[in-house]
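Letters are used for the chains, namely A, B, C and D, taken in the order the chains are written, and counting of residues starts over at 1 for each.
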């Protein structure tokens, strides 16, 4: 019985992340447009975009291989599973122990791996550009992300997301220098991984500046839909991670009473909505970077995270 | 079992003799490879049985050969059994693969005898139980592999590769010899048992450890002793490259583990800092070197260096923990290292087999001249892709598990008391994280440029899928990569007794756990479950696909690629491997490798071709070996005139030597 | 007894002095004559030892010294020198003055080496030994300060004189005669070598340096 | 049971006289082989009969295996030489009456070396070494080319000076000995000297050793007395190079070690070990660097001989049971291996018609078996397993490092440098596109592979009596 409940919970969680993903995208776009004095698309526009794409026929390049066709599903699945394993409104998910934070980071990597390969499959130079830049960003961002993981794990004494969150809630660690640094680094990484300004501009289609868009340039129809959905889910994933790691308050931990759960749910939604509003604000404040200034940006994140880890090694008090 | 192993080795040597006898006959190659396949399979089965059945049992044997008064000691314990499994897994796979691949061999007489002898040598190293036998077999292994490296001596660069290889190899052997001399003491107690019994003082232990790091490291490819590796591994025939990269470097690791953990036992804690420093350096530099390559086999060889670094990180941590009395953590780190040994032998062999398939299909190793092979050789592509994913440490494959364990070991290291370690370990962790990401980049490049896109040359267009046997081997190894990834608990449990024997602790048994997940330390702390992850991924992907195909359209139209309005884009417009690596080169290369890029772009209206040239310098050559060679040459030139003196001058030499000696006698007393 | 020892001492010292003379002789013919003189003194010294130790076989050695080294070989060398038309050549000794100093140093060294342990052995043998050692070293020094094959041979022969002196000085040493014979043969070989290889015709000079024109690895490119 | 003992001296003597009369070179070669075979048989039978000790002759643990080794290598070399000179006659480098000379001298040299080995008398020892030297001098010059004559002349002059100094040393030893043992033969007999060495005047003994070291050291080819060695090896007939490296150097070293035993038995004496260490390391490192600039393949291996003599001298200088054992083993292994290498080199030089390595390439393509032989030889001499040299170097380095780390490092450095040079040349010669004539080798490979086989065997297993002798001698060497 309890198992069934857990399964239900897990399923809810999975559906939840997929369900709200386009909405978040819509929110960010809307806010951004508003900040630019545009009216902007309706909030639910992403849903209809994906829906439309799903029903269009997919145009494949003549020399596209099976990898090109399967990649979108792999990407989506990897991102989705990763997102599904991050506790959103309640800790102690049924399967949350099957992959800890490191594994989740690696899962995102799996998705990226597939995406980059797919970008190179048809053999246009855009795919190449996109893939090589994406991997550059990844190879700068992933270590920073792992260091963030280290820092958090050292504070909480575990890499288990549920346990981390539970720990943070039950025994409030208070304000920690290392955690502050880690949060800072995490935000940078999240911006980079989601291809937001200043790293990448999701709205652009100017070949020389685009990264993510360049990779998926050849995609159309349902495949493109999958990739767009994956991108949206990834945004949710990072928001939930941010919420779960650094702002876990309000999560339902021990008691799974309806009240607690609903509290957790609402607080979760509030949190990620807040992030979805803050992100575009941040984006409008800065300008897109040249490719070769990424190292500076992500290097900052890396340095901050590394500093956090060092502090943890020096003394658990930080 | 030990008897069996030794007789198997004897059989391998007999096979080598047989190969010599068979000479040029057409049937030589299948016979030899079949024989070595059979023998190494028997060895594999035996060692596996031993590891599963009673790993704790230790069987020894002394033959009346070898060093006079000492005899040749052999010993089979859990550690040797594990490495026997690893070695013969690679050995039998390579033999099987060669049954197909070996048909293309142009000079079988230069390969066959040494192949069998090489297998014998690697097995003997693992079994040796005294310094003399160990070094003898160790160098025998180097010697036979040297012969294999120079098998195609007429191809440019191979002779040089062989030269650098053998010189470095004997350098390493001499370092090990010095270490043994130190451990054996002036009395010359060369048997490993005697060394185990004698507990060296901290100073001796430290010096010995450094010497072993140098000696075994030069064979394993620890930076800056790696220079021979990217030259030699690609030069050999591909199934041998697989053995050299996949197995021999691990035998070197075995040497390190055996001597440091078993014989020395208690090196001072600070030696771990040295090991960790070199390991971190090796990890990052190795993968960066690999990224700069465009020769497929050389890329793989350089990447071996990175994995060796990861393994040594585990070993360094194990030393640190053990010397600080945290055996369970030492067990964790050591398990991670040994697990990675197995994993790397799996996917690196797989990748070299794949590279060999590409080579035999296109006669090309240069990725810039390949591409689009996924259409021409689909099966190879699948296997190679699995290898790439595994080596990039992507879940749910095996590469991730060992890296995950290493990370877990790093995460418990704040318990280490010493400051040096407090600062070194997180730095190494950061380097490991960096290298993990770079490895993914490296293999996106390797697979993308070689198999994806459009063929860049005729050779790539005309490629044909390779023979069934090679494919079978590749798929078997791909499957093993999967299994090791989703069922790591089983392997960790097999490693338990091995680790137990070395650091006196082992990880808690995993196979009993629910859902087949692994919990290295405590359930609340960290756990990973490849099986569930795989199920999750597979189910969600298929569900989505079904959903999409069911409820949305599945209509598909083929169309030419988008050419920005320029019809028939030539393959030359594709991204090349050097252009793919360009951003990384810009970011890391300019500082690390002193990369020089020369672009000669014709102005508008000019009809001449544009030229782009990249020079990547290996700092090891630049700052270590180059000067060394120059000094040696200069010294030789300085001394050479002494060959051309007149008799009178020679007499003067004799005379002055005599006078000096006389003065010594006069001054004495 | 003291008289005897004094005479023995005297003869040995005479050889030493002749060695010094050899060292700075720069005309070949003169060098040959001085060598002959040294050989004769050697013969006398050996004869004296034979008398002293009443070891008749030593007279053979003495005779060899007198006849072969004092007579035949110098004559042969005179002929060679004349044949090679270098009997008028002035051969410059390398660093004449310093060489004398070095020679003195060598004498001092040899005395230092042999004397202090004048233990049970009778002093005569010791002194002879010291002088013999000095003669040997001086001969060697001469060999390396001359460029001319003939003078080098002379240097070697005076070295060998020193050896014979030492050998005969060693009381009751067996096979001394055989040794001296063997050495005479050796020297005969050397002379023979100069003669047969006809250094002049082969190398256009007696300068031994020229022998080294055809040096092992010279002139091979890579 | 002195018959075999006299046989190894008389057979060569008679053979030498006989060969001086035989005009036909085929007969000469045949007689040469037969005589060497008989000598070898006698040498082997020495192992079976019980030890002999007379006033002049002596068989003990030290020289018994050296005699066997010497006669064995003499035998194999005579076989090799038979085919070698046949070719030399075809190419007209030698004429039959020179060969008469050559064979007679060959036997004379063998006899002299045996004499030096079995002598129980420091004077006879000296005579043996000198006769061997002089006979080889003449064989070195036998080609009569300017280079050969120069080599012979250099060898002759330097050798003679060595002879003289060694003789002076011998006189000194007699002087110190006769103070204790009284005048006459006893004061020159090994067994007595060794027994009474403790009572000798240490200072004079040390002085004597210095002269002997320089004198016999010249024969051993230690730097800086080595000058004659490379040219003598390079310019003489290859069989002579083989016996020079394989035997004569050993015999000279044997003489030196005999005297070292005296000093070892006398604690008061100067610690000559240091001097030997210094000379050994100088020779090793010097030769190692000289290897790089060699163009002539025979000269290359001549320098490698200098290098190994340095290693051996170093080993005895270090002393101690392990190092001395290693030194003795290394002596044996080096003579077997180096003579094998010279056999191979001889074949190479004959089929390719040159000794310049620059003109010899791709041997493994044109003459695979020969290439394998050469490669095995070089690998063995470079101290790689599973050959005997590895065993001795293993013992030497490991035992030295635990006692004298610094010296061991220098030793390792020298060995590594030398290895680099040898391997470089080997690869140049056997790999790449074949060059020059590809004619078949018209000689038997038996001697070559016989030697290598023995070296290989010794690398894996040493016969028990040999080990015992080595141990005893090692103990005596202190």
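General observations
Operating definition for what follows: a residue touches a chain if its C-beta (ideal position, glycine included) is under 8 Å from a C-beta of that chain, and two chains touch if they have at least 3 such contacts.
Predicted model, so just to flag it, every value in this text is computed and none were measured.
If chain B is disregarded, contact among the remaining chains splits them into the following groups: A | C, D. The interface carrying the most C-beta pairs in contact is the one between chains A-B.
Here the CA centre of chain C is 31 Å from the CA centre of chain D.
Taking each chain's centre as the mean of its C-alpha atoms, chain B lies 44 Å from chain D. Chain centres here are Cα averages; for chain A and chain C they lie 99 Å apart. Per-chain Cα centroids separate chain A from chain B by 35 Å. Touching two or more other chains at once are residues 113, 140, 143, 152, 211-212, 215-217 of chain C. For chain D, residues touching at least two other chains, in rising order: 153-154, 157, 161, 165, 203, 207, 230, 293. Residue numbers of chain B whose C-beta contacts span two or more other chains: 643, 645, 647, 651, 658, 662, 665. Going by the touch rule set out above, the chain pairs that meet are A-B, B-C, B-D, C-D. The part of chain D that touches chain B in the complex is made up of residues 153-154, 157-158, 161-162, 165, 203, 206-207, 210-211, 213-214, 218, 224-225, 227-228, 230, 270, 275, 286, 289-290, 292-293, 320, 322, 364, 368, 379, 382, 384-386, 390-391, 394-395, 397-403, 408-409, 412, 415-417, 419-420, 423-424, 427, 431-433, 459-462, 467. Residue ranges on chain B touching chain C, taken from their complex, read 643-648, 651-652, 655, 658-659, 662-663, 665-666. Against chain A, in their complex, chain B makes its touches with residues 371-372, 374-375, 378, 385, 389, 392-395, 400, 404, 407-408, 410-411, 413-414, 422-423, 425-427, 429-430, 433-434, 436-438, 440-441, 444-445, 447-449, 452-454, 515, 517, 523-529, 532-533, 536-538, 540-542, 544-545, 548, 552-563, 569, 571, 573-575, 579-584, 586-587. Chain C makes touch with chain D in their complex at residues 113-114, 116-117, 119-121, 125, 129, 132-133, 136, 140, 143, 152, 156, 159-160, 162-163, 166-167, 170-175, 178-179, 182, 186, 189-190, 193, 197, 202, 211-217, 220-222.
Residues 64-69, 109, 131-132, 135-137, 139-140, 143, 150, 153-154, 159, 162-163, 166-167, 170-171, 174, 177-178, 180-182, 184-186, 188, 190, 632-633, 635-637, 639-640, 642-643, 645, 647, 650-651, 653-654, 657-658, 661-662, 664-665, 668-669 of chain B are the ones touching chain D in the complex.
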